[in-house]
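Presented below is the structure to which this report refers.
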Amino acid sequence: MQLVDFKTVAANYKVIFFDAFGVLKNSEGLLPGIGHTFDWLRETGKDFYVLTNDASRGPHELAESYYRQGFYAITPERIISSGMLAREYLDLKVRNGIVAYLGTEKSAHYLETTGLTTLPISHVDLKDIDNINALVLLDDEGFDWNTDLTKTVNLLRKRNIPVIVANTDATYPVSKTRISIAIGAVAKMIEGIVGKQFIRFGKPDAQLFMFAYERLENAAHIGKRDILMVGDTLKTDILGGNKFGLDTALVLTGNTQPQDAEVLIRSTGIIPTYICKSIVIR
Amino acid sequence: MQLVDFKTVAANYKVIFFDAFGVLKNSEGLLPGIGHTFDWLRETGKDFYVLTNDASRGPHELAESYYRQGFYAITPERIISSGMLAREYLDLKVRNGIVAYLGTEKSAHYLETTGLTTLPISHVDLKDIDNINALVLLDDEGFDWNTDLTKTVNLLRKRNIPVIVANTDATYPVSKTRISIAIGAVAKMIEGIVGKQFIRFGKPDAQLFMFAYERLENAAHIGKRDILMVGDTLKTDILGGNKFGLDTALVLTGNTQPQDAEVLIRSTGIIPTYICKSIVIR
Amino acid sequence: MQLVDFKTVAANYKVIFFDAFGVLKNSEGLLPGIGHTFDWLRETGKDFYVLTNDASRGPHELAESYYRQGFYAITPERIISSGMLAREYLDLKVRNGIVAYLGTEKSAHYLETTGLTTLPISHVDLKDIDNINALVLLDDEGFDWNTDLTKTVNLLRKRNIPVIVANTDATYPVSKTRISIAIGAVAKMIEGIVGKQFIRFGKPDAQLFMFAYERLENAAHIGKRDILMVGDTLKTDILGGNKFGLDTALVLTGNTQPQDAEVLIRSTGIIPTYICKSIVIR
Amino acid sequence: MQLVDFKTVAANYKVIFFDAFGVLKNSEGLLPGIGHTFDWLRETGKDFYVLTNDASRGPHELAESYYRQGFYAITPERIISSGMLAREYLDLKVRNGIVAYLGTEKSAHYLETTGLTTLPISHVDLKDIDNINALVLLDDEGFDWNTDLTKTVNLLRKRNIPVIVANTDATYPVSKTRISIAIGAVAKMIEGIVGKQFIRFGKPDAQLFMFAYERLENAAHIGKRDILMVGDTLKTDILGGNKFGLDTALVLTGNTQPQDAEVLIRSTGIIPTYICKSIVIR
């Protein structure tokens, strides 16, 4: 396995797409030293976007969480989240009734602006579910796993409604050596129990990439060959980037541990164009 | 879908194998009226065993839970549980070190008698895991799902050890209309996240049926054609019974709701020999 | 299950997206009576596109196959096929070497125009595979299943290369009552055997819908609410259309048999906006 | 990865269970040098059984295939095959009608002795299927994959009957470096297409091990600790042996290539007690 320097790689592209968790930050905060990377991007006139499987908040609140740490490079219009896709879906496809959800109040608040009524699963009364017309899985926080997941299963046994998974990630990195279970893995468990097919938004699906691609500045002069997708997860960032036709760089600061990278690439057949230790540049 | 009376069906067999949850009881206690069924079994000289995907306690404690409700027909030697298989596995295959577990203290206590040291995941220190030589998933209670499942994933990222699932059930019935998520479904989620293959004990696997078959009284005169397997779950009780060569009866008092039975039989291709409303006889 | 008339439904939309197999045709040819439907679309000024999981030929040859049956409504620029996505992928991501394939020569011919060298699996010499840089699964015809699928498995055991599935369908309808296994199901079998993750193009993924959406005439005045997706398969056409935010109509002339539709909708949780017997109008 | 000598390992056990394909033979014939191993077993009084996922023939014909190569150590009563389990199932559970099959005539001939009528899928008339009461998948040979697999799918769309997979293997080794697709992988493809649950016989399921265990000579003095299971496949031989409570030895002469063994053990979490180059002893 040959590691290459991120700056050397990125120099060959006009636009960089970054995953957030495990690339820019983990649960402990921003990864140390990434400020220089964004300075260099600005100086060299490279455009960038953050493509994140995150439905915990809207883009403005996601940007604010960077500001609070003194990092101002990532503004709301540079953030494309799977939550935005879920919101568009609900806006187009669920025209009335109540949308039940698993996640924090904040995550639901972002959906509510579409005009729909939202209700946390914990507040659902299983005897009064006739007007629940969709269920959205938003975040792994904000509910009691044992109680509310079981309640979710009982709801879906009784109502044949669309279930939207607004974050397909199985895990996210909380520190340099640890990960946490994300709502995408929980969604898959529920899907298996009830035997139904949920609607999933986020990488590796093309839709998130398409949203970013359409937003590119000077898009007329930029083709897919000019874009590098950077991520820490083979099954979402790298598979999705490859499939969309982009070159891809795997970084080892998140879900994929340095000692596992080679085995995982070989056993999954998901092959990044490059492997970099991190996005930090010297 | 044609319902047949349980007594009419059972009259043709010498031995009845019962699943427990959803057939004899749910989380609210014994199903009303099953006492007559066991009186009739005794009067007609029919032998019976309870085959249960349950690793929450040992057979003696399982029997006691029936006694406490004033029901004395099911004695410990009539109970064959998946926990017994897990215990045998640990006894044979894990010769030293610590066995970490998810479940109640009571469920681990049953394992401890094999001489192994057990440790709940909540007490595991992720910095000191070199002597953890196996992980057992015993019960859906006794731990905090969010915290301890994430800890389990981190343990398995670092230690390549056997993981034993001592109850393969995805759900169990808590009341007439509701179910709860069982440890089997949780196991599958963790298995998917870490990408490894766990060792599963319980129906539909043949081992549990074999344990019961070997214990039959007067076994010399009893063949598989003389045994009826009764259960509420197609994927465990009915699939397992069919595969072992037994006739099978699906009851509608547990995981399988009356309005879903026909669709499920058709969509899964798991076909019980009979369908009965319940095991209650008049 | 309530059937609605296709014309009544379609009248409410400005653009119709049609699946091909099972909606417009099956292996025996065009479905009888669909000509009137396309006359009506033209008369009422409705735009339409054919979105097909088909990599057996390019759009021109697909259109010609309609012409040969005396049907001229579907011109090449109205056809969006998963083969087009596969071709774009190879163009962007595989810059040298040989692309091995499963399919007919005709299906490979369409890829070759990208400048790549293609080689049918039957001609691959397993002792000389160092310059095979990708494998594409194009069509279920043009090769011997037993021999060439086994050869494919052996190739993938030795070379860790991207595998592109240019048609994700599991089956396609050959007559009113029969279906045939499509290359998508074969791909899944190979994927399971080698344990790797393939790159799949076609419905239900958003990319095919996006290709069509970008090509809409007068796109400025058309939103997703103005488009109806029509298909015969829940897992590709309906799931994909729903996810992309479109209203969807299931027709019963292909993969989904009338007597199965209700059970399948209930058991999969994939819910079309409408169910129509066929697209034929009176 | 530490390789140990087979003789050194086997010396510690009273009974050896061998897988056949990839351990004793491949499609080219007996593996060179295994004769000495069986001489040594006889001299040292060790008992042995061959546990094979093979439903292509009965035990007598399997033994004869060894005799024809001048190898007489393996007699019919030492062979336990998954075909024997399938035969028992049909005998117990399918009491009338026709059993359709995929496989050679020879493989069906072994089933026929139960008194059932068998019919190759190629001879099935899809207009006359009302008395087909089961389908058995026996072997990857004896039928045209493309035509007959598609016919199988159409049969199962119309008849909700038990489907028996008499060999769960995904692949088998044909030479030192190549493998072939086995009927188990084909079965999984069909199962996925029709969405039903098939009944599978063979390792890793406990039933095959139990059959062998019951047949042990001097069984009274032999426990599970005295038995070593030897196989070339992690997912069947090693997983099954481990689960049954046996010590296990992986050999590198079949499905698992030497350069892949370590990665596969780490990525699957299926851990053999020992790894041996082959069963050949010096």
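Odds and ends about this structure:
First chain written, first letter: the chains are A, B, C and D, and each begins at residue 1.
Methods note: contacts are C-beta pairs under 8 Å (C-beta built on N, C-alpha and C of every residue); 3 or more make two chains touch, one makes a residue touch a chain.
Note that the structure is a prediction, hence the values are computed from the model and not measured.
For the pairs C-D and B-D, the count of C-beta pairs in contact is higher at B-D.
The most distant chain from chain D is A, comparing centres defined as mean Cα coordinates. A straight line joining the Cα centres of chain B and chain D is 28 Å long.
Averaged Cα coordinates give chain C a centre that lies 38 Å from the centre of chain D.
Multi-chain contact residues, meaning those touching two or more other chains, occur in chain A at positions 266-267. Those residues of chain D that touch chain A in the complex are listed here as 263-264, 266-267. Interface residues of chain D facing chain C in the complex, by the touch rule stated above, are 126, 140, 144-146, 149-150, 153-154, 157, 170-171, 178-181, 185-186, 188-189, 192-193, 257. The touching residues of chain D, counted against chain B in their complex, run 88-89, 92-93, 156, 160-163, 194-201, 205-207, 210, 224-225, 235, 239, 242-246, 265-271.
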